[in-house]
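Note that the chains are named A, B, C, D, E and F in the order they appear, and that numbering of residues resets to 1 at the start of each chain.
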Amino acid sequence: MKMVSAIIKHFKLDEVRDALNKIGVQGMTAIEVKGFGRQKGHMEVYRGVEYEVKFLPKVKIEVAVPGNKLDDVIRAIQEKAKTGEIGDGKIFVYDLEDVVRIRTGERGEEAL
Amino acid sequence: MKSKLIIKLMLFLMALAVPAFAEEAAPAAGPSLGLTISNVWMMVATFLVFIMHLGFASLEAGLTRSKNTVNILFKNTLIPAIGLLTYAWLGFSLMYPGEFNGIFGFAGFGLPFPTVAGALDLAYNEGYTYWTDFLFQGMFAATAATIVSGAVAERIKLNSFLVFSAIFVGLVYPITGSWKWGGGWLDSMGFYDFAGSTLVHSVGGWGALIGAIMLGARKGKYVNGKIKPIPGHSMPLATIGVFLLWLGWFGFNGGSVLSADPALVSLTLVTTCIAAAAGIVGAMITTWIISKKPDLSMVLNGCLAGLVGITAGADQMGLGSSFWIGLIAGGLVVVSVMAIDRLKIDDPVGAISVHLVCGIWGTLAVGLFGAMAGLKQFGIQLLGAGAYGITTAVAATVIFSVVKATMGLRVSEEEEVEGLDLGEHGLEAYPDLALRPAAKSSAL
Amino acid sequence: MKSKLIIKLMLFLMALAVPAFAEEAAPAAGPSLGLTISNVWMMVATFLVFIMHLGFASLEAGLTRSKNTVNILFKNTLIPAIGLLTYAWLGFSLMYPGEFNGIFGFAGFGLPFPTVAGALDLAYNEGYTYWTDFLFQGMFAATAATIVSGAVAERIKLNSFLVFSAIFVGLVYPITGSWKWGGGWLDSMGFYDFAGSTLVHSVGGWGALIGAIMLGARKGKYVNGKIKPIPGHSMPLATIGVFLLWLGWFGFNGGSVLSADPALVSLTLVTTCIAAAAGIVGAMITTWIISKKPDLSMVLNGCLAGLVGITAGADQMGLGSSFWIGLIAGGLVVVSVMAIDRLKIDDPVGAISVHLVCGIWGTLAVGLFGAMAGLKQFGIQLLGAGAYGITTAVAATVIFSVVKATMGLRVSEEEEVEGLDLGEHGLEAYPDLALRPAAKSSAL
Amino acid sequence: MKSKLIIKLMLFLMALAVPAFAEEAAPAAGPSLGLTISNVWMMVATFLVFIMHLGFASLEAGLTRSKNTVNILFKNTLIPAIGLLTYAWLGFSLMYPGEFNGIFGFAGFGLPFPTVAGALDLAYNEGYTYWTDFLFQGMFAATAATIVSGAVAERIKLNSFLVFSAIFVGLVYPITGSWKWGGGWLDSMGFYDFAGSTLVHSVGGWGALIGAIMLGARKGKYVNGKIKPIPGHSMPLATIGVFLLWLGWFGFNGGSVLSADPALVSLTLVTTCIAAAAGIVGAMITTWIISKKPDLSMVLNGCLAGLVGITAGADQMGLGSSFWIGLIAGGLVVVSVMAIDRLKIDDPVGAISVHLVCGIWGTLAVGLFGAMAGLKQFGIQLLGAGAYGITTAVAATVIFSVVKATMGLRVSEEEEVEGLDLGEHGLEAYPDLALRPAAKSSAL
Amino acid sequence: MKMVSAIIKHFKLDEVRDALNKIGVQGMTAIEVKGFGRQKGHMEVYRGVEYEVKFLPKVKIEVAVPGNKLDDVIRAIQEKAKTGEIGDGKIFVYDLEDVVRIRTGERGEEAL
Amino acid sequence: MKMVSAIIKHFKLDEVRDALNKIGVQGMTAIEVKGFGRQKGHMEVYRGVEYEVKFLPKVKIEVAVPGNKLDDVIRAIQEKAKTGEIGDGKIFVYDLEDVVRIRTGERGEEAL
């Protein structure tokens, strides 16, 4: 099993979720994060002093998937989250050793 | 000068004049006590109308998203400033030109106040001084622009809005206002609008409607033909706003008596409160039936609906009439909000429903309930509401079109997504508080 | 009619009557200047009492969790609406029935206002018009229900609370109120309660106590015999609430003079403010000693404690007495909040301590301090406080029991965990702002 | 007693006295109607000044970080309490000692109020009762301390600040105040300060300046010679604060007429509002030019700047003068905020710019605009501003130094990073709402 | 070493933390997240329009543990976080290559 | 590639970011978290009742790095985030199987 963790723009979350649903992903977890990267932060002014807010709000989604679905999932996210502009985000893939469904105690792919 | 009232006031002022005459015998004659009392009352009414601007600011900020809050607060701080200044320079002289042709008159730039022997003429008006008059009317004027602000929130360019407001408050509101309160043609015809269901609220409401249509809906509001709610970011702020507006209405309606006449003012306060209470109950029942869950934002609108509804005839109604006017307004506003939404006109705070729809309702109600009820009066009320509607709608369309052509009306899509606070002001409303993704997408 | 005051007022009103008589000689007699002034003052007092409802709403919302904020705002918007309507229809006639047996009287449904020749009888009462009287008293009435609201917050069903409130404001408050202010049996005995330490605050406080006991504590408040604090979600909101309540008290106490008598009203305002200030200081000292850290929520309660404490005798006290009454109230409220918590009675906002405990304290203080102090008066005050206590407690128990048996009192456990905002209203108070896990568990 | 006004008042009061004399013929003479009216007005003015304390609390809390909000609310709740109590015990008798040497006088501890036959002497002052006088002045007094609070926010120890405030309000403010309003030496010289641009605002502002310098900047404000902005945590709270302050200013300036004189009071209200509006516009233009983005926090300061600016001469100006005084104040405050920041004096809310800089501006403006303008008057105004400046600055330095030496002034670095709310109070302002890292570091 | 990451319901956090403490886990990190899965979101109504809020608030805890404690930790979390109803959450297990204690520079299991 | 995930104190974030920038790290993601560990929580008092808030606010940063930069990154974080007092935090290292840049579809080290 793999854990796919993607940093995306907020307003893409709906589309990404729907696309993942369509290819059979039934669950995911979203986290509010701040991203720093090639995309410039925005300038703010407060009482005559300008400053750059370097970290930009992004949303991170974590989706655990069976190994055979990995490519579909990556493709779905990449397609739907893409705007073509700097700051679209990244997808990270980790190996997932085990999964447990708390409610039932099921383990492994069963638990997804 | 809200001239219908004048007959009633006569009696009161004549009585007050007695000690005034007595004083004239005194060595150095000062203001009469009657003037002094009424002036205190009118100043208090002015403060109450002033605080409505905070009410509007809070309500509008509360019912919109936090990414646009600074922008909304900014607009609502500027409106009373611009409103007062243009009204002092222009508006007051347009609205109360004295003798005029009934359609358009102008008493001159600045405040050409009446003087006697170098000091303010205190016989100018037995109910209050010229200064009090100006300030009370000036606070009224700015509310008309504030009403528009709510409907165009979260997408209008700041400077375009400010320009629109200045013209709307400086020209449209006072000129149309002169037709009735300035003693113009609608006043002569017998049109009645005690404190401004039409002159203030409908006028603002028409501006709101035109603005909302010309701007189009907020991004994400109507997607594939479906309505996606965009909840306001702070219900406490919205509630504070409505309570302050109710408070302000004591002055809005109570001050429109234009004197401290005890019976008339206190009756007006009672009808005002009964209508507000009934509006709350009416909206609660309606929303509970329709949505199964009682919607706070609707109940808040219901309170204002009742207040707007009673405003045209607050001095003409008994308790029963006030109750029904308010109750119906409360129901009406809920239905109207939902209908306007289904028409894909995006009004974030319900300004059109509260001020335009209930403003018309209140104006017509004068012909249906209370001391003036009657078919003829109803016809006149309809005519008045129509005349204001057409004029204001045309004027608002022209101003918005010119502004659109020259400066543009709407912020860029990117700025709208990012929020006007960063785009227009480079400042966040709550820099310390983490925002939910919800503030950015409707998904979470 | 707060009849003890009447003697003092006589002198004032007689003086005011002089010009009034003079005017009667004038061709068309209007209201006297004295009436006009006092009426302006009483209207201002009414506005101030009105704004207390926003004060209560803010305080209660601030001292509870954000997941129940919409529900609290909803209740507090409905209370003045329901309160005014029931008071107009029922309560006012029950509370001021005119001549009656001293225990129960009723002047008829609706507002049977006195008229002369088709217009409001302005000789009805030299201090203010009937309308002003109704509105001032109506704003008072609704506060009693609001007090209950705080103590039962975060777990009571919305519709059950609304039904309770309607009955409490419509029947219990005015009937018990008639015993004193309506000129009933306690008034005849010499019981003194200037502006309602007992009639308003204790009455509300007893309702709060019974409600809190019958509902039981909020889930998670008392776990394995240990008290787990559940901090309120917004200290700014709570502070705004307390300042607005203090502001409102200028009208609550100042208006209870029932005329604009300069010396009496201004003395009342001073004693009120000194007691509020002393209450703040008293609570600060007490909480600083007990908790080592000065607790803002306690200091806010202390301010209200001082205000409630002075309310029964605000016109009877000198500065020193006001100071001590307030200071003791401030200390008392801190100790009481902690004691009630240890009794496992869960009162999220401290309503029982502020309104019931300090209401009793203030009532008794009339027998201990000031112009009326004396053993006999103390005894009468005790009797009065007791009579109100027993009656209101029984009445509240009956109403809550009937409501419980028929509609149920408490929301489901799931709804309580999830928050009443989603459960009852399907709306969040701050949809944009991320909530801490703290809002859901006490662990973080 | 703001004695310059007395001449103007004479005429008004003489007129009011006519019915008063008439009444003396009546069997039991009560207060005159003129007194009753003016007293109602002065009480309303008192309420308005009272609510300024909520305005200050909201503004200061809004413009600082959420980790210090409880501390700020606590201070601002304590200040009116301490202010009123010390003013009752000490300050009022120091400020209005009656006949005295013009520099220092004391009428005795407590409130030695004038009585006639055991009751309050209503002939004490035709404009209001002694109680009203005390309460109005007491509410004023506390504002001076509040001004300091803003500048020293987010780093001063709670108890040190409370001790400073008690001494500042109890001694410094009333003694210096007696020089002008108590009829002291500056009054004799012809120095004019209608409602306190100098006596209240500059005095508070000097305290603010000294405090900010002695405490040093907040950690993280000036890093390696660069200014790092520390945005306030809630713009809605700040905006509510400013609107409430404007509202309060109706009483601050309007009440300073010390009677209900219709022409004088209403003129004062108009000049006040025009200056506030012009201040908003002035600040908007300035900040839009300098920063390219219109800064809400600056516009809010601009409103207050206009208000502070007009305060010294609110009764002396025409509309044009008010406009220019306000507009310049609005521009001045923006430039001043930026300059003071560049001087590395850390004033989180801009108190020094608003109250000190614009207080001086307003004081001098009396010599430049309006009825009193002239070189000689300008010189006297300069002298007065200087005299207050030197005295207050020295006094504040002494008090702060003693407090520093004995109790310490500044919280520990750890407590400052963690926030004073946890450090001093063990309580958070928004326990439910997640805080952004931004609240802790400036990086996010 | 393993990293155990669990999505649980908020009101279970106290119990889970105490249970982990008892079996010798001395540290953990909690993160506010939003979860989407089989558990239905709640319906909200705003101004007459109903809509579903699909992501539900959950809390995620991350606990780094030595390999030999893994089973105990999983068992403890699963037992304490379970209510038996849909939405109880999941436990994910990753391999942890290294750990550093910032204060001391200790590495590996020492650093836990 | 490795994913370095570090729990640090808020006021150290600026310094850490700058240090990482200097050694060529061009992106990172920051997340607001609550930490529980050896560092004592703070006591709060509310209405006369004392209670301990056990979870303390921390910030977590996630930095994806090519394997050869791992040691530099760890060293930079450890140095800059250190105050020497309890609660400085921890650095966790995971293996990262893949990375995708959403904007371009680049994969692996290219995508960092």
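The rule is short, and it goes like this: contacts are C-beta pairs under 8 Å (C-beta built on N, C-alpha and C of every residue); 3 or more make two chains touch, one makes a residue touch a chain.
Keep in mind it's a predicted model, so treat the numbers as computed, not measured.
A.B. asks: If we look at subunit B and subunit E, which chains touch each of them?
C.D. replies: Joint contacts, listed by label: A, C.
A.B. asks: Tell me, which chains sit next to both subunit A and subunit D?
C.D. replies: Looking at subunit D and subunit A together, the chains touching each of them are B, F.
A.B. asks: Could you say what rotation angle superposes subunit B on its sequence twin subunit D, using C-alpha positions and rounding to the nearest 5°?
C.D. replies: The C-alpha superposition of subunit B onto subunit D needs 120 degrees.
A.B. asks: Counting residue numbers used by both copies over all numbers at the interface, does the subunit C-subunit D contact come out same (over half shared) or different (under half)?
C.D. replies: different
A.B. asks: Sharing more than half its contact pairs with B-E, counted by residue number, which one of A-D, C-E or D-F qualifies?
C.D. replies: Most of the contact pairs in B-E are shared with A-D.
A.B. asks: With centres defined as the mean C-alpha position, give me the subunit B-subunit F separation in Å.
C.D. replies: Taking the mean C-alpha position of each chain, the two centres sit 53 Å apart.
A.B. asks: Between subunit A and subunit E, what is the separation of their C-alpha centroids in Å?
C.D. replies: Chain centroid spacing, subunit A to subunit E, equals 18 Å.
A.B. asks: Which subunit A residues touch at least two other chains?
C.D. replies: If we look for residues of subunit A contacting two or more partner chains, we find 17, 30-32, 34, 44-46, 50, 54-55, 94-95.
A.B. asks: I need the residues of subunit C touching at least two other chains; which ones are they?
C.D. replies: As it turns out, subunit C has residues touching two or more other chains at 19, 33, 37, 40, 44, 231, 234, 240, 291, 293, 295, 297, 426-428, 430, 433-437, 442-444.
A.B. asks: Any two chains that touch count here, so list every such pair.
C.D. replies: Every pair of chains in contact is listed here: A-B, A-D, A-E, A-F, B-C, B-D, B-E, C-D, C-E, C-F, D-F, E-F.
A.B. asks: Of all residues in subunit B, which touch subunit C in the complex?
C.D. replies: Contact set of subunit B toward subunit C: 11-16, 18-19, 33-34, 37-38, 40-41, 44, 48, 65-67, 231-236, 239-240, 242-244, 246-247, 250, 254, 260-263, 265-267, 269-270, 273-274, 276-278, 280-281, 284, 291, 293-297, 299-300, 303, 319-320, 323, 430, 433-436, 438-439.
A.B. asks: In their shared complex, at which residues does subunit F touch subunit D?
C.D. replies: Per the stated touch rule, the residues are 10-14, 17, 30, 32, 42-46, 50, 57, 59.
A.B. asks: Which subunit C residues qualify as touching subunit B in the complex?
C.D. replies: Of all residues in subunit C, those touching subunit B are 19, 22-23, 26-31, 33, 35-37, 39-40, 43-44, 46-47, 50-51, 53-54, 57-58, 61, 69-70, 73-74, 76-78, 80-82, 84-85, 88, 110-111, 119-120, 122, 128-132, 134-135, 138, 158, 234, 237, 240, 424-434.
A.B. asks: Once bound in the complex, which stretches of subunit C touch subunit F?
C.D. replies: Subunit C reaches subunit F through residues 227-231, 287, 290-293, 295, 297-298, 334, 337-338, 341, 350, 437, 442-444.
A.B. asks: Using the touch definition from the top, list the residues of subunit E that touch subunit F in their complex.
C.D. replies: 3, 17, 26-32, 64, 94-103, 105, 111
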